[in-house]
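Every chain is named by a letter (A, B and C) in the order it is written, and numbering of its residues begins at 1.
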Amino acid sequence: MMLEEKTRHAIEQLLYEWARTVDEDRLEDLAALLTEDARYKVISRFNTDRNLPAAVIDCRSRGQLLDRIKSLRVANIYEKHFYRHLLSGVQVIGGEGPPGGEVWEVRANYVLVRTMEHDGSISVYSSGQHQDSVVFEDSVPRFRSRVVVYDSRIIDTVLVIPI
Amino acid sequence: MMLEEKTRHAIEQLLYEWARTVDEDRLEDLAALLTEDARYKVISRFNTDRNLPAAVIDCRSRGQLLDRIKSLRVANIYEKHFYRHLLSGVQVIGGEGPPGGEVWEVRANYVLVRTMEHDGSISVYSSGQHQDSVVFEDSVPRFRSRVVVYDSRIIDTVLVIPI
Amino acid sequence: MMLEEKTRHAIEQLLYEWARTVDEDRLEDLAALLTEDARYKVISRFNTDRNLPAAVIDCRSRGQLLDRIKSLRVANIYEKHFYRHLLSGVQVIGGEGPPGGEVWEVRANYVLVRTMEHDGSISVYSSGQHQDSVVFEDSVPRFRSRVVVYDSRIIDTVLVIPI
């Protein structure tokens, strides 16, 4: 794999952009960061290690994620809260395909801090690893697949907002 | 905006330098990271979202921040503690002005872990976003404005050390 | 010190690689990230500030760390748990020696989130600073010394897995 600094940087910024988009509550903008047929999956480390398929979120396209966001905006009842993403250790660990058409394999650690609006309580809501496949479409980096593997089998209350 | 890798890197290191300066308790050195007339403000997300002006810290110059640090050193009574900054997702989202004289708009997430000296207890003390304007003075990057928007309306006990 | 972007990047990736190696439980692979005679030490901020020598881990070679990992695999009894490393603010603060043979001084903040397997509980287990000396052996970056200075004097239960 030949990874230019420019490419690596663009991939890193894509990951940061997703985090900021969620944290600034501009969830509808996530669609532009995914390819049309992207997979977005949130699954436990426990199930991943055992090849068990059950995931708490498993979207097979950009549109499916937008549906979920729509329902979060208009239908779901939940206590208002904010996320704050910390990403670390972004590593491009592989790349396959012709120059310009590579699929880049990317790993990064995350910790998600959640703040509840009503009482301001802060907690580490989730930690885990991003396992991403990134492609460039007309020079724009997008996730073709984004798998969030979270460390704990327990999710506090409910997972509403995408990680 | 034309952002060279060298410039981006220097900006990123400025943010890291601030964090390390605070965490290593060399607070007086923060002055060198600010322009003479820099704004340093710590304000809640709640107030920011509603355009409410009240901030817990609002310094209008380098000197004013140094005054605050002086009082922290000689006058304030508080339980000794340490900060540990985690920054993530440093993004230069804009830049305006003539080449060399740009004002760069920068965003980054932070989480602040606090350790109390007396019992060693560790907690996530604050999370939020850095909203910075950075300029270069004689090739040295400095904050012209540093706004810390913290997520929770509640601050545990008291905010003594700058974030 | 003349630090090329390529060198800086390789150093940063070395730190990320260590973190991912631990978090993915491939501890035996840590050896390849150290020089043969590397020092790996985990010591409190309290002791560091007072020049007190006691450390909770103090390995004087790659082999000694591997011994420790071996005992963790076959002898130690402890509750199963996972780490998730967050690193931030990687800074190369010095470099001495002839071109190609420099010893690079590196600092980075870390926060370690621990997840217990049995009940999925998540907590901030440790925070602190990495104080590293990095050299290149045949163009491969390795730690010649890795000192982990943790902020809290209290370690919850026991430190089993290297930080």
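We take it that a contact is a pair of C-beta atoms (placed from the backbone, for glycine too) under 8 Å apart; a residue touches a chain by one contact, two chains touch by 3 or more.
Since we're looking at a predicted model, the values are computed, not measured.
Mostly differing positions are employed by subunit A and subunit C in their mutual contact, as under half of the interface residue numbers are shared between these two copies. The rotation that brings the Cα trace of subunit A onto that of subunit B spans 120°, given to the nearest 5.
Averaging C-alpha coordinates per chain places the centre of subunit A 27 Å away from that of subunit C. Across the assembly, subunit A contributes 5, 86, 88, 111, 124 as residues in contact with two or more other chains.
Within the complex, the subunit B residues that touch subunit C are 5, 9, 13, 15-17, 19-20, 23, 82, 84-88, 111, 113, 115, 119-124.
On subunit A, the positions that touch subunit C within their shared complex are 5, 45, 86, 88-91, 107, 109, 111, 124, 126-129, 151-154.
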